[in-house]
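What follows is a set of structures to go through.
There are two complexes below, and they share subunit A, which is joined by subunit B in the first and by subunit C in the second.
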Partner chain A sequence: MTSPASGKTPKPFPGVRPIGRPFWLLLPGVAWLLVFGLAPILFMGAVSFWRSSIFGTTPDFQFGNYARMIEEPLYVELLVKTLRIAALTTILSLIFSYPLAWFLASRKGAWKAVCVVAVFVPFWISYVVRTFVWLPILGRNGLINQTLMGLGLISSPVEWFLYNEGTVYLGLVYVYTLFMTLPIYLALEKIDPKLIEAATDLGARPWQTFRHVVLPLSWPGVLSGSIMVFLLAVSAYVTPRLLGGTSGIMFGNMIANQFLSNNNWAFGSALSMTLVAVVALFLLVVGRWVGIREVFTGGKG
Partner chain B sequence: MTHTKLDRRSVLQLAGGAALAGTAGTFGMPGTAQAQDRRLVAVMPGPFLPDGARAILERMINGRVENLPYVSPTDTAAKLMAPGGTSRYDMMFSTTGFIQAPVLRERAGQELARPLDLSKIPNAARISPLFQSEITKRGNNTYMLPVVWGYDSVVYNKDFIPEGDPLTQSWGVLFDDKYAGKVAIRDDPYQSIALTALHLGIRSPETMSQADLNRVTQFLISKKRNFRTIWGSFAEAVNLISSREVYAVFGWIPMRAALQRQGMNVTNNWPREGLLVFTHSAFIPKDSRNVDLAHAAINAALSTEFGKQLGQETQYPVCNGEVAATFSEADQARLGYDVEKRGIPLHRYTFPAAMDRWIEAWGRFKAA
Partner chain C sequence: MMAPEAPPPRVRDPYRFWRAALLGYAGIFFLFLYLPLIVIVVLSFNDSDATGFPMRGLTLKWYTRVLTTPDMLAAFANSASVGAVAAILSTGLALLLGLGFRHELRGKSAVLNLIIMPILLPGIVGGIVLLVFFGYLGLRSELWTTVLVAHVNYVLPFAFLTLYPRLHRFDRSLEEAAMDLGARPWAIFRHIVWPLVRPGVIATAMFAFTLSFDEFIRTVFVTGYERTIPVLFWLLIVDEIAPHLPAMAVVIILVSTAVSLAAFLIGRRADRSA
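Moving on, here comes the complex of A and B:
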């Protein structure tokens, strides 16, 4: 920012002598990104070219791990399945979370605080517990089946409530709701009510007001939430394993097996790097279409 | 309410006091040094150290066992191979057939465990002839001793699957259409593929050909609808039976024990195609700082008193050949000490040479 009169940049703290250019202020953030962001990815990338055996992992540079992924169609199949589940989970989360966020944003006073806390409370409980709890609810002798049988609506338990891909969606949407609801709620909160009033005064119908005022202004929140839910869902491991039954497998489960059952860190890293690359590509392609750049550049891109 | 004012001086005094207390053990203050020295850092499955058995072991070694979480043989190997891993733990237990190779490594001199001084483990002489082959040696050195053994089979609810049904004496109870939708297997490539291979008549699953592995995979896929689900954890499997979601699971000894404690009418089968048997061996990581105490702990774990208590608490049998005689005949049968008399083949857990392919086969089954 410059002063229009002088054309010079005003001092943020008048009277305080600056100690050189304050690049050092960036150090904590840069260090964090390097240590916890870039370094693990670089290390994983390096290990993906190494060799693993029952005796451990040894440094090398070979493409065998990636070649195996290409040779075996299972990995591509699972990648496609994983992207499909993650994308659909994101869409379903959006469908359920937007009205919830709107409801929260439109409350007032103490009632609003109570509602927001009520949305948060389940998320103070472990992710695994929140997934596990569906078993006694949806199981053969679970709450829903017992209730329906008690009411005489069914004569024998419904089997398909549990252990199929539909249950995986239910579990994923449930555990990731907050990550979608919160950014949308914050975006809706920022909307000046006068804009909505103005749209109404100018004759816009509720749907038109939503489409031309509310949705564009809350779009960054929608995108942030979608990215978070998509990234969490794409690496899901516990939910498909617990709720998916015999078909409860996603790419994350294959990666976990390499580390937990086989001690094959090299191949596990190669699978992980592939997932990172595919997700990045997916975000790049879809992102161009929905204007995802705004989320990463804070609207200054 | 009384408020205490915390100024800078009192905070420093408190911090100094805490630091002094924290370092007291290190510098040998009376009463703390001994407890610190007699602490054995172990990595062993929790079920092998229930309260009663732990009390016996700690009394025998006159020290405290700090047992860190045990996950799997793979995780044990990873812990050991990690930088500093051979000095971080004093004693480890893991599945013999899976941990032998990572501990011994390829060549003599590369071992990650130290040779055991058998003069300090006199109870090693009590190891049953049945498990002598599970003692891990290289040259004249002994590196691992089998302590606990067990078997994995089908745990089933007798209220729904009669004990007299011939299917119960086979892995077929998991595959036959008679119990379709009422059974569950484990989400574990090794165990699920091994038991299926045994059921299909493959005598040595770990060395089977790719063609046989494909046959096993196709068979599993053809029977996929028979499985209600595949379980991933102990609690999940127990919950499947106790909630009557399924009537039979591929399961472990402590699952049977836990369900019986809940009053469930369950037992396990003795599959005629071959029972999956494992031993857990104890070893001392190469750079352990408590070598004498670790030797004492292995000796205590091989004692008759410890083995009997472990059987009573968890139903796990032990490799000490004298323990069986301390139980009644009925209890010996219940715990599996009569396994040789049953005349069924015992299939010992061994790490498959092509584990990668097994994992892919399991993935194909789940993705099908």
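Moving on, here comes the complex of A and C:
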């Protein structure tokens, strides 16, 4: 494993070490992550084998929680549906983000900076707020219904704008698409314009240039963005809760219910561990094509 | 008699259509991004007890309500203070980690995995693990215990990932010169490293603040009676019809974007001068 800094750091003189003892520098952060990051996850793993009843949750070692999850079709079906929603959200984000990323990468000078910041700004806002904003657009008194009624196109508000799986896609793409746009934009920006000129000079049609030059070079960005969006979408809670109604419910909502209303911590822990396992499995699979850590360090670290 | 001017040679530009299409598409995309935000700003002035259209006149009363209700002010104070402390804590830890990472050492890869883990963990699980963990430790859910831990957990990886390149990019020759001249490590840090990295550290801390200020999914599971702004906002959406929600949304939007923009500009300047 090469050190994350290799290649970037100006080479220090031999024998001159950076200041500080590495052990003491790393200790506070590592201790925090072990105690508050890793330990709670391991503990939850243990709780997922405990037993919850009306008398509370008691230590045990039994597979009842996991068995229930497999036996009752509700949970497996919801997991499959959640994976489907996350996958489709990823694909939709890719389709919508790629042209925008290209647009940003092909701007120049101050205009480019303005456009990039303009894409960023909405994503600096809490996703709870950005999910909420769709209610007064799609709801009964919403912008669309009131406009259509004002134009006389409909006589009563349309109900199906909200609270279904489609609205969940809209909300998830709206909330998370920047995580697709940004890595693709960064990858496209690295492409030497001379390559595209050369392809054009050699007679390549725009589509051929895209297919054989641009797309392969932007592939790392596409993968990074897809991983981010999929991870965020698969654990969504806010968007399906606010926009999905009963038909748009996702796995995250089922997990939350165990803690917020059913008070079944052992089963909730088992559901949580399942989601963690799904994410881990996903990362393991896509990790064959792309270094997961490079997704987060932008290939720089 | 004038010779007719030769027309300029026609340059075939196969991308003209695509450039126009791209511009059009970007316009639609920006509309998609901003229309909902514009709608919420317009609605925040609507003099109507129901959130939505039609507009029934303009009023500032919802802003007055947001900025004077004790619940709201308490939540703003909670979010701002926990955000500031979480930002300082996570940026401090990230700075130490980053300085440690400048050394050649074994096990770096494992430490990096540990740092990135909280990002890979689904957000909802990130909140629930702390609920379960602290619940069994008998620690009550409070702002300065559980919420702070949840926020630092969430913010630390981002703080590290934004700070780490900034720690590595600067020119090491000054530091090495000071070392050759016999300066103590602390003096080197105080007089050479810190002045060089300070803009980057400040930008990182501000970025960390905005992440904490907007954090919801982890907080909601470990918040006690002391609510943060996103949690209060959420409870208002879910529990009741609150006509001042658009105004509250606008206030949240203004705070988040103002701090984020400042962090972005400071960070860009720091990265340029480094």
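The criterion applied here is as follows: the second predicted complex is superposed on the first by the 229 of 301 C-alpha atoms of A that agree within 3 Å, B and C clash if a C-alpha of one lies under 4 Å from a C-alpha of the other, contacts with A are read in each partner's own complex, and residues count from 1 in each chain.
In this text, contacts are C-beta pairs under 8 Å (C-beta built on N, C-alpha and C of every residue); 3 or more make two chains touch, one makes a residue touch a chain.
These numbers were taken from a predicted model, which means no experiment stands behind them.
Enquirer: Subunit A residues in contact: does subunit B have more, or subunit C?
Expert: C
Enquirer: For A:L135, select first, second, both or neither according to whether it touches subunit B, subunit C, the two together, or no partner.
Expert: Once the two structures are laid over each other on A, A:L135 reaches both partners.
Enquirer: Once the shared chain is lined up, is A:L38 touching subunit B (first), subunit C (second), both, or neither of them?
Expert: In the superposed model, A:L38 contacts subunit C only, not subunit B.
Enquirer: Going by the contact rule set out at the top, does A:P99 touch subunit B (first), subunit C (second), both, or neither?
Expert: Second partner only.
Enquirer: Considering only the touch criterion stated at the top, classify A:P22 as touching first (subunit B), second (subunit C), both, or neither.
Expert: Only subunit C is touched by A:P22; subunit B is not.
Enquirer: For A:F55, select first, second, both or neither according to whether it touches subunit B, subunit C, the two together, or no partner.
Expert: In the superposed model, A:F55 contacts subunit B only, not subunit C.
Enquirer: Quick one: is A:L242 in contact with subunit B, with subunit C, with both, or with neither? Answer first, second, both or neither.
Expert: After superposing on A, A:L242 lies in contact with both subunit B and subunit C.
Enquirer: Quick one: classify A:G109 as touching subunit B (first), subunit C (second), both or neither.
Expert: It touches nothing on subunit B or subunit C.
Enquirer: Going by the contact rule set out at the top, does A:R293 touch subunit B (first), subunit C (second), both, or neither?
Expert: In the superposition, A:R293 contacts subunit C only.
Enquirer: Just which bits of subunit A does subunit B share with subunit C as contact spots?
Expert: Residues 132, 135-136, 139-142, 241-242, 259, which sit in both footprints.
Enquirer: Show me the residue ranges of subunit A that touch subunit B in the complex, using the header's touch definition.
Expert: Against subunit B, the touching part of subunit A is residues 54-56, 68, 72, 74, 77-78, 81, 132, 135-136, 139-142, 159, 162-163, 241-242, 245-249, 253-254, 257-264, 267.
Enquirer: Give the list of subunit A residues in touch with subunit C in this complex.
Expert: Touch residues, subunit A against subunit C: 1, 3-5, 8-10, 12-13, 16-20, 22, 25-26, 28-30, 32-34, 36-41, 43-44, 47, 96, 99-100, 102-103, 106, 115, 117-122, 124-130, 132-137, 139-143, 146-147, 150, 174, 200, 205-206, 231-232, 234-235, 237-238, 241-242, 252, 255-256, 259, 265, 268-269, 272, 275-276, 279, 283, 292-293, 296-297, 300-301.
Enquirer: Quick one: in the complex, what on subunit B touches subunit A?
Expert: 71-72, 74-75, 77-78, 81, 101-102, 105-106, 181, 187-190, 224, 227-230, 232, 236, 239, 243-245, 351, 355-356, 359-360, 362-368
Enquirer: Under the definition above, what is the set of subunit C residues touching subunit A in their complex?
Expert: Listed in rising order, the residues are 14-15, 18-19, 22-23, 25-26, 29-30, 32-37, 39-40, 43, 50-54, 92-94, 96-97, 99-105, 108-109, 111-125, 128-133, 135-136, 149, 152-153, 156-157, 160-161, 164-165, 168-169, 171-173, 175-176, 179-180, 185, 188-189, 193, 210, 213-214, 216-217, 221, 230, 233-234, 237-238, 245-246, 249, 252-253, 256-257, 260-261, 264.
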